[in-house]
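To keep things simple, chains are lettered A, B and C as they appear, and every chain counts its residues starting from 1.
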Amino acid sequence: MKNKALTVAAVVCAAAMMLSGCGSSSSSSDSNIITAYNSEPQKNLIPSNINETGGGKPADLLFARLVSFDAKGNPSNEIADSITPNGDATQYTIKIKDWKFANGQTVKAENFTKAWSYAANAKNAMICSSFFNTIAGYDDLQKTSGLKGTEQLSGLKVVDDKTFTVTLSQPDSVFPLKVGYTAFAPLPDSFFKDAASAKAFGQNPKDGCTGPYVFDHWDHNKEIAMLKNADYNGSRKAQNDGVTFKVYTSDTAAYADVQAGNLDVMEAVPAAQTKTFEKDAKVQAYNKAGSVIQTFTIPASLEHFQTNTEEGQLRRQAVSMAIDRSAITDKVLSGTGTPTLDFTSPMTPGYSKSLKGNEVLKYNKAKAKELWAKADAISKFSGKLTFSYNADGGHESIYKAIVNSINNTLGSEVAATNPMPTFNEFRDAVTNRKIAGAFRTGWQPDYPSAENYLFQIFDSKAADGNGSNDGDYKNAEFDALLAKAYATTDTDEANKLYQQSEEILLKELPAFPVYNANAYGVASKNVKSGFAMNWQNLPTYEKMTKK
Amino acid sequence: MGKYLLRRVLQVIPVVLGTTLLVYALVFALPGDPVKAMFGDKPVNPAVAAQIRAEYNLDKPFIVQYFIFLKNALTLDFGKTFSGQLVIDEIGRAFPITIRLALMAFVFEAVFGIIFGVISGLKKGKWYDTVILIVSLLLISVPTFVTGFLGQYLFGIKWSILPVTAGNDPTFIDLLLPAMVLGSVSMAYIIRLTRSEISSNIAEDYVRTARAKGMSNRQVMLRHVLRNSLIPVVTYLGQDIAALMGGAMISETIFNIHGVGWLTYQSILKGEGNLVVSIVTLLMLIFVVCNLIVDLLYAALDPRIRYA
Amino acid sequence: MTDMTTLPGQERYVAPLDETPLQDVDKLDETAPASSMWADAWRTLRRNPMFIISGLLIIFIVIVALFPALFTKQNPNYCTLENSLGPAAAGHPMGFDFQGCDVYTRVVYGTRTSLSVGLCATILVVLLGTIIGAIAGFFGGWIDSVLSRLTDIFLALPILLGAIVVLQMFKTNSSIWKIVLVMALFGWTSTARIARGAVMEAKNLEFNTASTALGSSPMRNLFRHILPNSLAPIIVIGTTSLATYIVLEATLSFLGVGLPSTTVSWGSDISQAQTSLMTNPMVLFYPSAALAITVLSFIMMGDAVKDALDPKSRTL
């Protein structure tokens, strides 16, 4: 009887497999190639032309940099042999190890200086050019006409094949971390031959691969495939035979494929599944504190909400305390986020749960009402605080919850959502300062340092379109603390300064931390070991194996 | 007839000009700046942005951009996307998949729509007429993203009968579920249309006459009732085939199909003018051809309609 | 241009004028049957249970839409995450949705928005589509060409593109009219195609030939005879598309180009509920059921009216 039932089951299974054209699933379980969730890169695969995850995930595996980070974000030298600052962190001497590009060419100091100059040169229209803006000579390469594209950054000097020096236009103690970002990868001699070779490289960067994997092929809108780099000697050695990044039209489709065993790993979970994915027997789940911070910003000079007036500060504190962050992370995010207590993330060195004044980030209905009433006593606010966000990014439920929470606390007509259909429209409104209300902001770090979260978003030098300080917040005291941190090469000392600067932010609330997005995702049952997420909320692809 | 065809073909020229201009204007009027958005949350480097604008002619006035596009289109150069891909390649990758998907959805909705519609129309008021009415009603009043999601979960994950997603180079089986989801709403429309037409034609005098002449019931149905009931149905189907190609956005997204609907959606979000205009123009040409076929079918279905 | 001698396909014998006293026939044809057609229809309708049921339902739905406060005392926009996806409780017969809003209250308050969007869009679309389609089908020739090619252009335009642009142009005005406008702008084409086909079919029927022979003007023919006889498929498409427009509003809200978020509608609630489909399907069920019942009432009403206007289909 039992045997018969088994036979029937086997026949049914076989029929189902034939129907589903089992080719893909059988090949993916036999080989040790990891298939991973991705979107089509926005531009191409030139490292300095990538600033989003579609291109960033493959690029991180293909291109080694001077330093690399382990899963926790701790830096270690990769191609660099040593990175030595001078006393005030304005000049660095960099020595490199013996390292080879995939085409056999040895990595020379020149491959770094030329790659960085290429990226900084406006003529080459690289999206990440501003990453190089602290290197001396950057401004000379920002002319809109007259550049050939081959001009070099004057701050970079090749000493010999294995050594070069970097002169910065201002002290920058985090520079040794910055060079771990993909845009700082070296490029091979063949890249610089002419414009056509650079363009070809963007489509097929095989020659320039220095990382744990070597580029294999790119089928546009379908997949980017890479194979294990046998010559790689760094700390990120691949435990599998390759990674294939598949382009998905939606996270829902990808999740279904992980459940069915057709896709091995994804670093997202569709909204419909966040409640259940950790209990889902068809997948392996991962969900731990992550490095992304989600905030919203109210422009520093918005009437009734100025960061430098008493009324504005009261209102900002009232709004912040009217938001029930833990209800949002529990109910809306189903535990895939953590309420914030500072302006960085639990994965960032120097993160603190006990900053002075962090009670403004905690829900306190009575206090919020009281502060709001105090502000109203100074000057009555009868308008509506609108919350703008792009509707194509899945932020709707968060902002509905924030608005409901504020209205339930401060009065039913205080806040309203204002979705914008596309990211294009939203960013345009933000950069043109057209939003008279709160708008969605957030930060995914480029390198693991509090500086990356603070300078780019709150320093006056990053305001007025020169950085990501989209609320145009300006505070001289804050700027001075950051400048001090830049000049110290002692990390602990720097972290203390960052914490002090955050205490200023907690008082004036130029932006409102809402939650830290967890690093969470799922892997298929085919993956036998190595599934975890790193400090960038991305899977540790190179550690995963199906054997 | 030949003259009629020639006239229809010549009419395509102003239609193409009108469509491209209209779509180009709409894309131009899209709020937001695609170049700024490329920098994400990061600061916009004005020098780099200027380079990119110049490369895509985005620094020129609208009408100049349009004429540059038209001029290049005459030499079959439809420009490139912001990622540097040729528009023609992008379309070449997406169309074959979508054509397969749309044709399958089309056959599905036509066959089942007409069959259920005929059953329903002939047996009006019977219990299965009611069941068909309620099912078709459900298909219409539940959005596709829900039917698609449920179908994927039930057939793909829970029962493992059909593939969960279509993926790259989808086969017939891969596209079966997406095609059914895509065709379901239109099928409901066709059921309703066929039912109403059959039930009104069945009472026409010519049916009685045919019966009185001793024609078999089957022949009456096929030769007279069905043929006479199909005009609105054919009209609907004719315009639907092109709508299926352009409007498959939701089913393509759910089932991971990199087809035209998805491509259109993405390029609208990113403000990819050249791509949107090229896709819409191509879709419009398909509409024109389908409508021509429908108009010719009118004449075949109803001998009284003639074209000079 | 269409007179009795050049009507396409017309090759039938027409009695010479002097043999038939034309004026007498015309007089008879004009008043008596026309008025009795509607009276007849009304008499039939009154006896049709389908009409009565659907009529009562529609009256009920309209009352809910006009006076939602009669059915609930709660505020549909009071939502608190404490109640997120909570089960039905006293005073909350349908439980709570993802944001912790009372589902029953939202279904009640959503009626007005959804019904007005659906009805306005449908009426506009049917009017616009029927007129354009009928004119194209009836007159043929270059008028048909121009109108049909215009239809082709609009059919090809992606509604999302149009919606984003149109809604952007009226950013400040947050009424439902801009949604209706978008739907009408992009929806009239399919009705126009159907109407054109139906009119082309009807204009060759014998009664048209007859009334033309009796000296009726083309315009009069179109509106008095041909259109009423072509109404069946238009009514079917119209009543069915009511649902499509309510659902389309959901899709547009989902894409962020819909109604402002303070406006309660079934459509946006359905699209919100999609994320809770796996764990709490009832949150999706209630607004969908309200939508389905509304659509069913209108479809039944449409069928009843169509049957009454078209006496032939009743006889079986």
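A few comments on the model shown:
To be clear about the criterion, a residue touches a chain if its C-beta (ideal position, glycine included) is under 8 Å from a C-beta of that chain, and two chains touch if they have at least 3 such contacts.
Protein identities per chain, from UniProt: A = ABC transporter substrate-binding protein; B = ABC transporter permease; C = Peptide ABC transporter permease.
Values in this document were obtained by computation on a predicted structure and should not be read as measured data.
The chain pair with more C-beta contacts between its two chains, of B-C and A-C, is B-C. Using the average of C-alpha coordinates as each chain's centre, A ends up farthest from subunit C.
When chain centres are taken as C-alpha averages, the shortest distance to the whole-protein C-alpha average belongs to B. The distance from the centre of subunit A to the centre of subunit B, with each centre set as the mean of the Cα atoms, comes to 38 Å.
For the pair subunit B and subunit C, the distance between mean C-alpha positions equals 21 Å.
Rounded to whole angstrom, the centroid-to-centroid distance between subunit A and subunit C, based on C-alpha atoms, equals 48 Å.
Within subunit B, the positions touching two or more other chains are listed as 30-31, 149, 153, 268. Those residues of subunit C in touch with two or more other chains are numbered 164, 168, 274, 277-278. Multi-chain contact residues of subunit A, defined as those touching 2 or more other chains: 272, 392, 420-422, 425. Contact residues of subunit A toward subunit C in the complex are 271-273, 275-276, 324, 327-328, 330-332, 390-392, 396-397, 400-401, 403-405, 407-408, 412, 416-417, 419-422, 425. Taken in their complex, subunit C has these residues touching subunit A: 75, 77-82, 84-85, 98-100, 164, 167-168, 255-257, 260-262, 272, 274-279. Every residue of subunit A that touches subunit B in the complex is listed here, in rising order: 16, 19-21, 24, 40-44, 51-52, 122-130, 142-144, 199, 202-203, 219-223, 246-250, 252-254, 256-257, 259-260, 262, 272, 282, 392, 420-429, 431, 441-443, 462, 465-468. By the touch criterion given at the top, residues 8-9, 145, 148-149, 151-153, 155-158, 160-162, 164-165, 168-169, 189-190, 193-194, 196-198, 200-201, 204, 232-233, 235-237, 240, 243-244, 246-247, 250-251, 254, 270-271, 274, 277-278, 284, 288, 291-292, 295-296, 299, 303, 306, 310, 312-316 of subunit C touch subunit B in their complex.
Across the complex, subunit B meets subunit C through its residues 7, 11, 14-15, 18-19, 22-23, 26-27, 29-31, 124, 133-134, 137-138, 140-143, 145-146, 149-150, 153, 185, 188-189, 192-193, 196-197, 199-200, 202-204, 231-232, 234-236, 238-239, 242-243, 246-247, 249-250, 264-265, 268, 276, 280-281, 283-284, 287-288, 291, 294, 298, 302, 304-306, 308.
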